[in-house]
Structure formats: structure tokens, C-alpha cells
Amino acid sequence: MNRAALISLQILVAVAIVVLWHLASTTTLFGNPKTVAFFFGDPVSVMRRVGEWVFEGSIWYHLWITLSESILAFLIGAAGGVLFGFWFARKPLVAAVFDPYVKAANALPRVVLAPIFALWFGLGIWSKVALGITLVFFIVFFNVYQGVKEVSPTVLSNARMLGMNERQLLRHVYLPSALSWMFSSLHTSVGFAVVGAVVGEYLGSAAGLGYLIQQAEGVFDVTGVFAGMFVLMAFVLLVDWLVGLVEKRLLAWRGR
Amino acid sequence: MNRAALISLQILVAVAIVVLWHLASTTTLFGNPKTVAFFFGDPVSVMRRVGEWVFEGSIWYHLWITLSESILAFLIGAAGGVLFGFWFARKPLVAAVFDPYVKAANALPRVVLAPIFALWFGLGIWSKVALGITLVFFIVFFNVYQGVKEVSPTVLSNARMLGMNERQLLRHVYLPSALSWMFSSLHTSVGFAVVGAVVGEYLGSAAGLGYLIQQAEGVFDVTGVFAGMFVLMAFVLLVDWLVGLVEKRLLAWRGR
Amino acid sequence: MQAETGQTPQDAVHLDGVAISFDLAQGRRFDAVAPTDLAVGAHQFVAIVGPTGCGKSTLLNATAGLLKPAQGAVSIFGQPLTGMNKSAGYLFQQDALMPWKTVIENVAIGLEIAGVARAEARREAQGWLERVGLSAFADRYPQMLSGGQRKRVGLAQVLIRNPKLLLMDEPFGPLDAQTRLIMGDLLLNLWSEDRKAVLFVTHDLDEAIALSDRVIIMSAGPRSRIIGDYTIPLARPREIGEIRHDPLFNDLHRTIWNALRDEVIAAYRQTGAVSDTKASVAS
Amino acid sequence: MQAETGQTPQDAVHLDGVAISFDLAQGRRFDAVAPTDLAVGAHQFVAIVGPTGCGKSTLLNATAGLLKPAQGAVSIFGQPLTGMNKSAGYLFQQDALMPWKTVIENVAIGLEIAGVARAEARREAQGWLERVGLSAFADRYPQMLSGGQRKRVGLAQVLIRNPKLLLMDEPFGPLDAQTRLIMGDLLLNLWSEDRKAVLFVTHDLDEAIALSDRVIIMSAGPRSRIIGDYTIPLARPREIGEIRHDPLFNDLHRTIWNALRDEVIAAYRQTGAVSDTKASVAS
Amino acid sequence: EDAAPEKPDLTLGVGGKPLLYYLPLTIAERKGFFKEEGLNVTINDFAGGSKSLQALIGGSVDVVTGAYEHTIRMQDKGQDITAVCDLGRFPGIVIAVRKDLAGEIKSVADLKGRKMGVTAPGSSTALMLQYALQKNGLKADDVAMIGIGGGASAVAAIKKGEIDGLSHLDPVIAQLQFEGDIAVLLDTRTEAGTRALFGGPNPAATVYVQRAFAEANPVTMQRTVNAFMKALKWISEAKPEDVAATVPEEYLLGNKDLYMQAFQNSKEMYSPDGMVTKEGYDSMMGVLKKLDPELANADVPYEKTFDPKFVQAAKI
């Protein structure tokens, strides 16, 4: 399967989705087109709106805000998840004592936390970053925690016998061994970082893609809503691609 | 570390949190106690409210609704994640073609999807289940996908040479090997299933814990909000404990 | 003593100019095995010996269908091999037991997936565990076994399926000399029943000669070739404990040993570490 | 020939009534090693042989501090062992290389973590790779090596650290006979420089006698004990390729072989599979 | 009694039931007016008015209590949504500034360059603020509008000084007033304030439905309107204590006096007769045309946005 063929297949899927969408919003094939259009808009106007945003340049500021929030949430949340994951995995007592609290915290509905974050961090980007962190952190944390425990016992014993102290074990054994676990969770959490930022903006903000989407929703401008989501997706794919690049480099030893 | 000591330590942590919280909401140690109480309530009234709910029995109906939604979201989302994870991992072409679409879908802010789910699934529990599924699915999916790819190549070759067909490989090799990946993601997603259900209720419903919390929030009844979250947590810990039991049984071969 | 390799349709294995390469990083390639011809008769017991890293496991992998040759063709019982080799049983050099199955489950699985009823498969598996001396360990997981015990479970796992072609990569490697003899006898008894085709990699030249009809010697890699193909005319049935006292055995041993020694020195010379150890490569 | 095991403070290893058990499922226990006394002098080369699964690796693990004995005490150079044994280097029976490091990184890591500058560590590692005949493979990852190549990388990884006590579990297992000799010579040369203490598990009795000062024989498990402790009075320095022609060597070989054979038969009798194989346990 | 309702099991959507804005709904529910009319109503509460409207269009609720403005927007989009009963004559939105800025900002005209909180961008609080700015000679983008949400986050934003003022609703306004955090510039909970801004009444909360539903279920519709009319009548006669005693205890904001005060402030807001007048329609149309470019050329006749027949036939 070469690259060109793959990309054409991918584009085919996109075309199929758009055609279905278009049919649904203009013909009666999938029920009342008016209702469909009310909820989904139609692809042509969505694309046109995206085009307008891009060419008029009005989107860049909002995108920039959301981008900073997501990236910060992703970086901080992932770093926290990795650190705590390692810490818990290496300190069974800490893990045992705090286990129920971590799990309980993971069950808090983030939407309800938004006012508290607004109180602590204000209405600027940091409350959104905090919201994103609460999603990213747990996803990464649980995976790193498990990943560290999956280290091959023989390799671990060997490293110990080679004289590694705890810090060196972390660097030379636990970290590389847990990397594939970590990256798996990073792929999930790229999306969640963005979701966190957007939901935060949605619940209270002055800029960002979530703000745009909410504004559009408030006046039932579904075209605007979908255009916003479309920009969002494009941008997540970009970030995920970057994560993939890093992954490829760090996991080179696994070969193809 | 025996069980009793561990539990006392855990209780100690809880007591510490409650004492801090109490101090913050009644003394000036952490700023204006009135502000703190406005946003966080105070532990005594929260506990009293939980007690009332439990003894009056008014909570059970809401809990039952949220419980059904979460469990359904968890089961369906996890099953879907596992199935698609395996399918993608075993069909590299499918995975390559749909990869960007899965990642993009994961980046959709679920809050925006709520009206669409209400359109498709009505306002009953199913639209909340759908929302929970969109969270659980991706977490499980990415982990299973990676987990299958992590199968030891030697064990895999051996199983092949023993004559296993694709279905048997799945049952005897891929599934058990990916189990620890799966369970790691299940622990994360228990929490997210509940979050999905609660957020769904929060965005529009007539019953459930999310509804209770929303009602309380609308009138600044922070005691009610925290009491709701408290019930939620207790209940997630219960579900997680059940998942842990299953995990222990299925992963018996790893020893302690 | 070079045996001919002309194709006959009933050959169990027929390698026709098979060469194997591995892709390394940065587009480099490592040519492990140079184009090689090899025919293994349907009832032949063939041992492969060669210096470490010469390509024995690689050749077995190609025969099993796990590796695609860079060039050449593999046929199995006259059929060109595409995909997995379904008529072969393969005992791997490394640990390959399923860690999530107990010892007896690991042994029984080969029958179960072939459709044998579970109880019946278990019964047979228990018999095989007895034969390899592990009946007391049936309910353990592989991680709770010693290295030699794991290898014997692997042996039972492969033999229980009674494949027409056996590929064995150092099956007795981590066993003590005594257990090795017992296992060797077990294998020979089994083989004498229906004379399967066997490709047997070993580092123990005694064992190779005692067990097999032919001993193949491979040259040091890269681009390893078959540089010796010795027919072993010792009478069957053999007692492997006894056969070493046969003078023919000792002749064969000396010839093959010398051929091998030169190869190893050649291998070491390539890496520049041979100068001070050359003297001791003798027996 | 039973050697005495009286304690002297300079003993490299001193096992005092060490017994090892494993917890099985459902609260059952498996007593792998019965209470055992063993002393290894500071400059002694001690080989351990015994039937498969008798507890050799287990004993090494206890000496390395990786397993806590159920009873008894371990002291290392006169100090009671708590936690890891920091003065030992351990070559494991299974693959234990870090798959995410290249061969040279795997070898150099032992020096690097001890504080040697990276460039310097690499240089030394390259030297060691040459000695084990793998200088051409420095940049490969372990998964791209053959079984014997991996084992030799492990050997270099342990030896480069120059530990005072060497624990080696079948270090030459997956090597061909010729390479085994080269590696044996390498080890002996190294050992003769400063005479480290060595605990050496092998299944090759020739190798055990040729290399060591003492050969320990363990009984078949469970509750394995030391049932033989033979001093090897062969002169040093030795050429292991040559020493087999020494008549003393052959005497020792015969004595130890007979002791071992009885053990293996005992082991097999326990699992009820020995009847038809007994005859062949002889050499 | 006349014919039985065609659809006695009714689902009703609302975006923020505890708000005083929707008090008639709570009264109708708590006083059992729906039951009296033989209706079994399930009330779904949504995170916002737009979500309840979406549920109506999607068909998952039958009736919505929501902003009158929605009917105009929907008609413009070709969705035949019509109001059947007015609940609130005035928007009930209050524009206020932080107490410590009260000295500098004395009127809407002084808001230039300030940061103002609204419940959400595009929402009615935002629209009203924009309208007030334009009336006072400012441009819509002369102030920075920040979505601060409806609940505690809005209170937090004022308390932390994140915003200089806000355009918001009860109970946020009531809470902030009670704590003495804000000074009111413009109050459309009262007739005077609304007239000052809009020059006439400006219908706010209404009961609206899909016209097709009303036509297919005339009896049910009539009964529903009856219940709301009863609630409106009850409110017009009620004393604050009666209201406080009727609504769920949690609605009292933890402080009964505060709640009664808030009710008193808003009492004028509730429609006395359930009618959306032509005057109210004109006023609303004027606001929307001025503010929303999409609606600038909209042609939505009064008759399509409000169907008075149920109110006129209501039996109380």
C-alpha cells in the first residue's frame, strides 16, 4: 500500500461523508432536510464559512487562543500524569493510600468544576488550561502507572544488578519501557486537551474556538458551529501528527 | 502493610481533607470564609445533605438513573472500543484509512454534540448513554489498538505455528495479551462514563445526579452540588472496585 | 560427502536458491543467508550446525513461513510455500509459551484449536507432560518454571500436534546433559514410529551426529552458505547414550569438528578478535 | 571430596542455612531449595551443575539479592546481604538486555551509570564487543541479533563492570562448541588477572571441570540440596581446549557424571516417566 | 368537562428552571395546575434556552418555555415555531457594574472600553447589552463581552474583579446585590426600566410549540395554556411569602429574605394576561433587526410568532 493510494482512499472516505451529509441536508432521503439542516447545516455553507474565516483572518486569533490553551493543558497534564504515574508506580504505599482519591477525582464532572476554576484562575486562558489538565492528567496517569508495572522483570533485575539507582532506573528502564503506554495515552489525550479547552471556553470566555461555537449556537447558526468544529479537527490532526513524529523518534528501537 | 493499617491511612487522608475544608469554610485561614463557603460549601452541611438524601430515599431514583446510564455507556463504549481496537489493529489498511477520522472524532467537544444526541436518541437515558460512550470508546479504543500491537512477536509466531486461525489468535493471544492495556483504560473510563452521563444530564434532563447538581447550581445551592458530587464519587469507587475484581480474576497469571 | 540436492516432489522441505536479508536502519541491508539450496526428504532427520549468528534460526523461520526470503523459493511437500507452513511444528529458540495459560493449557492448546474436545486434549497433554517429566507442574504458569522446564513444555507443545515436519531450534539447549539424553531418546523413539521430517538446530555436535541422518554445516555470516552436508550412516535404531563409542561416530565427529573450527575462526577474524584465542580452538 | 564450608570473613559468598520457597496459588508453597550451606572463597571459581529445575538459578538469585530466602542468611564478603548485592555482576539465564538500547549502549551503560564519561564508556564498550566478536553489531538493537549474539552482549555487559563477584547462569548456553571455547578462554584469562569470585552455572560438565576450582552438584528438586562438592585440583593456567586430555580430568568427569546421573533418574522417577528411558542415561 | 387531552403525557423543556424568569412554570408545577388540567408533564431542564429549543425542533420535547425571540429566529429559518402564551413582559435583564466602579461608571454611556460579562455570547443578555450600548451612542464593539456562564462562575467573575460589570439575570443579580457587590445601571425587571430602554414592553419568557403540534393537539394545547394562565393569575395575587413557601426550598438561595426581595423586584415582569402584543412584537423586531445582520431583512409577520387563540379561550 503506497502513500498515494492511501491518501486517495482517505480522501474517498471524506468525499463519501460530505456527499451523504449534502444529500441529507438537501433531499428527503434521510428524513426532513429542514430538520437535518437545522442540526447539521450543509457542507457547502460550512466550507464556505471556514473559507471566509481563513481568508478574512478572523479565525487566527481564536485559533491561537485555543491552541495555547490546548497545548498548555496537554503539556502540563501529560507531564503531571507521567510524573504522578511514575511516582505512584514506584511507591506502592502512596499508590495504595491515594488510589481511591485519584479514582474519585477522575469521576468529577468537569463542567461542574468550571466555576471553581474560574474562581481560582480567572476567566483568562488558565481556567481553560486547568479544565483540559483534569482530562489529560487522568488518561496519562492511569496508563503510565500501568506501563511502569509492565516492565519486564528480567530486564529490571538486570538493570538493578548493573548498579542503577532509582533515578537511573527511571531514566534507563521505566521510562523507555513505559513509552509505548505513554504514547498510547497521549494520542487519546491530544483530543481531550482540545475538548477541555473548548468546553472551558464554552462555559465562559471572551475568545477561542469554543467561544465562537457557543456564539454561533446562541443564535442557532449551525453553520458556524460546524465550521468551528471543522477547524478544531484540522488542528487536532496537526497536533497528533506532531506527537506521532516524536513517538516515531523515541520508539525507533521497535522497528517498523 | 496490612489491610487495617492501609485503611486507617486512607481514612486519615479523608479526615485531613475534611478538616482543611472545614477550616477554610469557617475560619479566615484561607481567605474570606464566606467566599469559600459560597463556592465550596462546608463539609458538615454537605454530609448532612447526603444523609438526608439517603434517609429520605430521594436520592435512589436519581442514582438509579445515573447508574444505568453510566453502566450502559461503560459497557457499550468499552465493548465498542475493544472491538474496533482489535479490528483496526488486525486490519492495517482499515486503520490507516480511518486513522485521521477517528482522531478527529475524538476532538469533538461533547457538549456541542448533546443536542444532536437528543435529536437522535431522545431525552431519555439513551442520549446520556451516547455521550458517555463517546468518552469511553476513545479511551478504550486507543489502548486496545496499541495493546494488540504490543503482543510479543515470538508468542504470536508460536501461536501461528500451532495452527491458530485469526479468530483463535484473537481469543488465545491478542485478547489475553492486550488485557492489561484494556484494564488500564477501563479504570480511566469508569470515571469518564460517569462524567459523560452526568454531563448529559447536566445539559438537559429530568432526572439523575447531573440533574440534581444542575438544579443546585442554578440556585447557588453549593451544598447540593457537593453532596451530588460526593454521591457520584462513592458510586464510581464501587464500580471501579467491581472492575478491579474482574481484572484480578482475568489477570491471575501475572501473580501478585 | 556433499549430498545432492536434486528436487523430488516428495521432499518435505525444498529450498531453491533461498537468500534472506534484513533491513537495517537508514536503508542499509544485512544479507544474512546467501542463496542456498537444501532438500530435506520426507522421512529425513537433518541436523544443522554452524557458528553462532550464522543464520540457522533464520533458515528455520523461512521454512516455517515466518520470514519471506529476499529471493528463491521454498516448497513444502512439493507445494510452493505461501504464508504459514501449516504442516510444520516449530520449537522456537526463545521462550514462546503463552504466559497467560498454565503449562497444561499451553500443551493442550494445539489439539484444542484443531477441534479435539477439551477433556480429551487435556488427557493427552497430561501424558505428554509425563513424558517430558513435568506432570507435577501442570497447573503452573510458565513464569514459575525454570529455563529447562519451559523448554520441555515447549517440546511437549509441539510434539503433541504430531506435525509431518518438525523444526527444532536448540530444543535441548538449557537442559543438563542427562536430561538431554532422555529427551533425545524420547524424540528418536517418536521419530522411529512414523519417521517425520526433522530439521534440528543444535550446538552439540555429539547430539547432531547421534540423532540425525544428515548433518548440515553452515558458514559464518554474513551471506552464510551451506558448506558441508554429511550423511551419517550409523545404523538405526540408535541408543544415543551408547552410539558415541562407535568408531564411525568418532571419525565423523572429527571431520565435522575440523570443518566447523575453521568456520568459527573465520567468523572471529572478521571482527578482529581472534588473534589471541585462535590457539585454543581445538579439541 | 566433600569440601568444608566453615565461615571465613573473606568469603565472597556465604550461604548459611539458606532455604527458598515460592508461593503458589491457593496458599500452597513450593520449597525449591532446602536449607543449604555454601561458602565461595574470595578468589574461587565455583561451578554449579544439577538436573534441570533443581534450583541453580534460584540460588544465584538469592546470592544476587533478588530473592529473599525463606530462612537462613546470605553474607557477601563478610557483610550480611540486605537488598541488592552491589558487588556482584549477574549474567542472567534469560534475555535481559534493554531492547531500547543498541548493543553498544547496552554494554556501555554499566560504566555510564557508575559515572564514567560517555565517550570513554563507549570506547571501552567497543573493546569488549571486539572481545566477544560482535564489534560489527554495535549499532544494532538486541532484537536484531541471534540468540548466541545476545548472550555474548550480555557477557560483555557484565564483564565491563569488573565486579568482584561474578554470577553466571549458563553464559555459554546458546553458543556453538567452538565459540564456547573461545569465550571460556576469555573468561579464564580475565579471571587469572585478579581472580574474582565466580559462581558459574552450566550444563556442560566438561566446561565446569575445565574452568573451575570446585564443582558443586545439586540434587533434583523440590527441596534441592547440595549433594556433592568436588575440588578440581587441575593446575592453572589451563587451556580448556587441551585440558580434556588430562587423565585426572577424565577421572573427575566420570565421578561427577555418575553422581549426576543418579540424581536425574531420581528426578524422573518422581514424575513417573523414567522407566523406559533409564537405560540410556549413561555415557 | 370538554374533550380529553389527545396527549396527556407531555414533555416540556426549559433552560434553567430555578430562574425567576420561569417562575410561572414552577408555580404551575408545584400548585398542581397541570394535574388539574389532566396533564402529566415531565419537565426537562437544559443548560440553556437554545438547547431546549433544539430539543423542540428535534422532537424530543413537545412544549418549551423560552424566549419569545426564538420564535422570530425560527420563523426566519423556516421552522414553524409559535408562541401560545406570554409569561414575562419584560426581559428581566439587569445591567450593572462593580460597586467599586460605581463612581466612574454612572450610565451605560460610560461603559466604553470596559469588560462586561454576559451569560454567553449571542445570548439575550449579550443582545440587550449591545442594544443598550447602541442606544447610548456607543458601538457594539466598544466594550469587550465575556461569556461568564449562568451560575456561580458569574458571581466569581465579579468577586475576582475579572469583569467591570455585567448584563445578567436573577438569581446572579439578586445574589450580587444582596452581597453589595454591584450597582445597577439599567433594570428591565420593571416596566419603567424596560420602557426606558425599548420604549415599550419587550416580551421575554413565552410558552412556544411547533405549530403542527398545536394544530394536532388543540385540547392538550388549550389545557397547557390554561395551566400557565392559572399560574400567572396566582402570581399576580401572591405575596412574596406565598411564593417562597411554594417553590422548592433550594430555590431560596439559602436565604428566604433574599429570595422574597428578588421576587418583589421582578413581580412586575410577569404577564398579567398571557398576550404578546403587537407593540411588544414591534419592539422585539426592532431590536433584532438592529443587532443581528442576519435578521436585518427578515420578514416574519406578527401572526406567525404568536397564536393568541389559546390565551383567548383560556378558562381559569
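By written order: A, B, C, D and E. Residues from 1 in each chain.
By definition in this document, a contact is a pair of C-beta atoms (placed from the backbone, for glycine too) under 8 Å apart; a residue touches a chain by one contact, two chains touch by 3 or more.
Quantities reported herein were computed from a predicted structural model and do not represent experimental measurements.
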* Interchain contact steps from chain A to chain D (minimum; 1 if touching) -> 1
* What chain is the most remote from chain C, judged by the mean position of CA atoms in each chain? -> E
* Intercentroid distance (Cα basis), chain E paired with chain C, Å -> 84
* When the C-alpha atoms of chain B and chain C are each averaged to a single point, how far apart are the two points in Å? -> 50
* Find the geometric centre of each of chain B and chain D from their Cα atoms only, then give the gap between the two centres in Å, rounded to an integer. => 50
* Asked: When the C-alpha atoms of chain A and chain E are each averaged to a single point, how far apart are the two points in Å?
  -> 37
* When you check chain D against every other chain, which residues touch at least two of them? -> 25, 94-95, 144
* Asked: So which bits of chain E are touching at least two other chains?
  -> 54, 57-58, 151-152, 156, 159
* In chain A, what residues contact two or more other chains? -> 35, 39, 115-116, 119, 202, 217
* What residues of chain C sit close enough to touch chain D in their complex? -> 22, 24-25, 49-54, 56-58, 93-95, 130-136, 139-140, 144-149, 152, 170, 173-182, 185-186, 189, 203-205, 239-242, 244, 257, 260-261, 263-265, 267-268, 270-274, 277, 279-283
* Structure fact -> Listed in rising order, chain E residues that touch chain B in their complex are 11, 13, 16-19, 42-47, 51-52, 54-55, 57-61, 150-152, 155-156, 159, 171, 175, 250-254
* Structure fact -> Within the complex, chain A is touched by chain D residues 64, 66, 84-86, 88-90, 92, 94-102, 109-110, 113-114, 141, 143-144, 157, 161
* Along chain A, where are the residues that touch chain D in the complex? -> 154-155, 157-165, 168, 172-173, 176-177, 179, 253, 255
* Asked: Where on chain A is chain B touching in the complex?
  -> 1, 6, 9-10, 13, 35, 39-40, 93, 96-98, 100-101, 103-112, 115-116, 119, 138-139, 142-143, 145-147, 150, 180-181, 183-185, 187-188, 190-192, 194-195, 198-199, 202, 210, 213, 217, 225, 229, 232-234, 236-237, 240
